[in-house]
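Here chain A shows up in two complexes: once beside chain B, once beside chain C.
Our next item is the complex of A and B:
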């Protein structure tokens, strides 16, 4: 499955990259094609392009924050998850999201 | 209701996220002229507000920092409103925040004003339907007018006095608590333990948010303890990896190097990989270390007279900064000694299976229109 996502936390220093890396690692381990954008204190890192957004089957937003550029994902299946759980159990998060999308 | 509260918390956090760089920049601009003056043997720059010379220039620079600190409510409210309803809400949010400062309605007023501004715009977007030809005036004229009008009526006319009274009472109570001896110590211990408990999780963040609320109110003492506690866990594991090398795997010794930086700039999350090895033992150890550190910091008399800056270098913004440093070091040593005595870090966390129940993970679909 092609997965894209964005992580963001209030200070944008630690959780943002930690969650992004954890999800990327877990996603690859599960055989998905995954790219995580970080919206931290430095602005957008590893930004998801329009093309990548269009091709994605699933969008994971690991944050309870305001995310910029959500219009990229218009019409996509977008799932919000708590950022902490993404760090603790990235594989479980991805499995759950993929399941939820496949069921629809 | 639960969904609304969760959403509201996200908006509040977004606002705080935008407010932080403002506070940090402004506090440092206040702190540095003060320190230069202290080095010259002058404890307050206030007498130099008028006149000429180097000290006058220092005072003028300090004032610029205070201008920034005066914008805290404004920026907070503006970006909460932005988080709720994007561009058309920002202006009304700024106005509401500035109003909260000038009417003494404070943080509470700023947040309420921001929610009024944001949700008015959100409501307008969903419920006001104009003919095609008029649609362009919605975001530019109608929504900002509605939002600012609501803020003016509710905040300016109706709630100004009662909010100022509530806020005033609240701030006085908190200020008393953070200045009197015993209750200050209790506060220090509580905040220290909370910050070091789940490192960036909900407990840590609620203590941190409480500190930010107080900061917006001009009560700076709580943040001295919070900033102190934040540095402790990452610094502790950095020290531990050097102090008792044999207790750590090569991977952990490598991670420990990064923790010097995390401890220095104040990111508790640095301690997470270490804590995960045996959380049932290490979380209490971390909490204990955090509490010891903040208690020492409090007892030695570290005071927040200007908004404290986080991280170890934050001592420059604290009166009796040495007490702050001693507190951090003491807390870190406590954790370093206890953790290495109780736990062997020769295993890798990536192999540690985490028991998170898949059913407990909450996910929610979001509609993008």
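Our next item is the complex of A and C:
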């Protein structure tokens, strides 16, 4: 499955890159094509392009913060998840999100 | 941002409050802040949003603060575990990486180093190496290799 996503936390220092990396690693381990954008203290890192957004089967937003550029994902299945869970149990998050999309 | 004098072993703090007190006080002594109390408040404010406790005994308290004059990363290894610090795996906190970050002047290069340090905490090998390092010089060398490595770990 093609997965894109965005992580963001209040300070944008630690949890943002941790969640992005954890999800990318878990996604790849589960055989998915995954790219996570970080919206943290350095602005947008590893930004999801319009083309990548269009091709995605699933969008994971690991944040309770305001996310910029959500219009890229218009019409896509977007799932919001708690950023801490993404660090703690990234594989479970990916599996659950993939299941949710597959069922539709 | 990372110096041998920023590494603390066998620190006797028992609560989150005591740990943040210790960090803020050291930041004052080392010239990273002029206002230890203000810095501590900013750490606490961040903790209130959600706990910075991670897994395997690590926590990563951080403050982007007007009271931070210079960017610094402290490592604090506690003598005994800290009670009441909420973590993701419910294990008690024993090892802290504290990030002291000025609100305005932190540049991307330093923020990238912080990012590499944080993602290092996802790796078993990193956590084990940090926890078991017995010499500050050795730990310093290891941490520098991690945070300067362009590829991350």
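Keep this in mind: the second predicted complex is superposed on the first by the 104 of 104 C-alpha atoms of A that agree within 3 Å, B and C clash if a C-alpha of one lies under 4 Å from a C-alpha of the other, contacts with A are read in each partner's own complex, and residues count from 1 in each chain.
In this section, a residue touches a chain if its C-beta (ideal position, glycine included) is under 8 Å from a C-beta of that chain, and two chains touch if they have at least 3 such contacts.
Source: prediction; values computed, not measured.
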Which of chain B and chain C A:73 touches, first, second, both or neither: first
First (chain B), second (chain C), both or neither touched by A:65: first
First (chain B), second (chain C), both or neither touched by A:56: neither
Contacts of A:21 with chain B and chain C, given as first, second, both or neither: second
Touching partner for A:41 - first (chain B), second (chain C), both, neither: both
Touched chain A residues, chain B compared with chain C: B
Partner chain in contact with A:97 - chain B first, chain C second, else both or neither: first
Which of chain B and chain C A:81 touches, first, second, both or neither: first
Contacts of A:10 with chain B and chain C, given as first, second, both or neither: both
Footprint overlap on chain A, comparing chain B with chain C: 10-11, 13-15, 18, 41, 84, 87-88
Chain B-facing residues of chain A, complex: 9-15, 18, 41, 61, 63-66, 70-71, 73-82, 84-85, 87-89, 92-93, 95-97, 100
Sites on chain B touched by chain A in the complex: 6, 9-11, 13-14, 16-17, 20-21, 82-83, 200-202, 205, 262, 265, 267-270, 272, 354, 356, 358, 361-369
For the chain C and chain A complex, residues of the former touching the latter: 46, 49-50, 52, 54-55, 60, 62-64, 88-89, 99, 101, 106, 108, 111-112, 114-116, 118-119, 121-122, 152
Chain C contact footprint on chain A (complex, rising order): 10-11, 13-18, 21-22, 25, 40-42, 84, 87-88
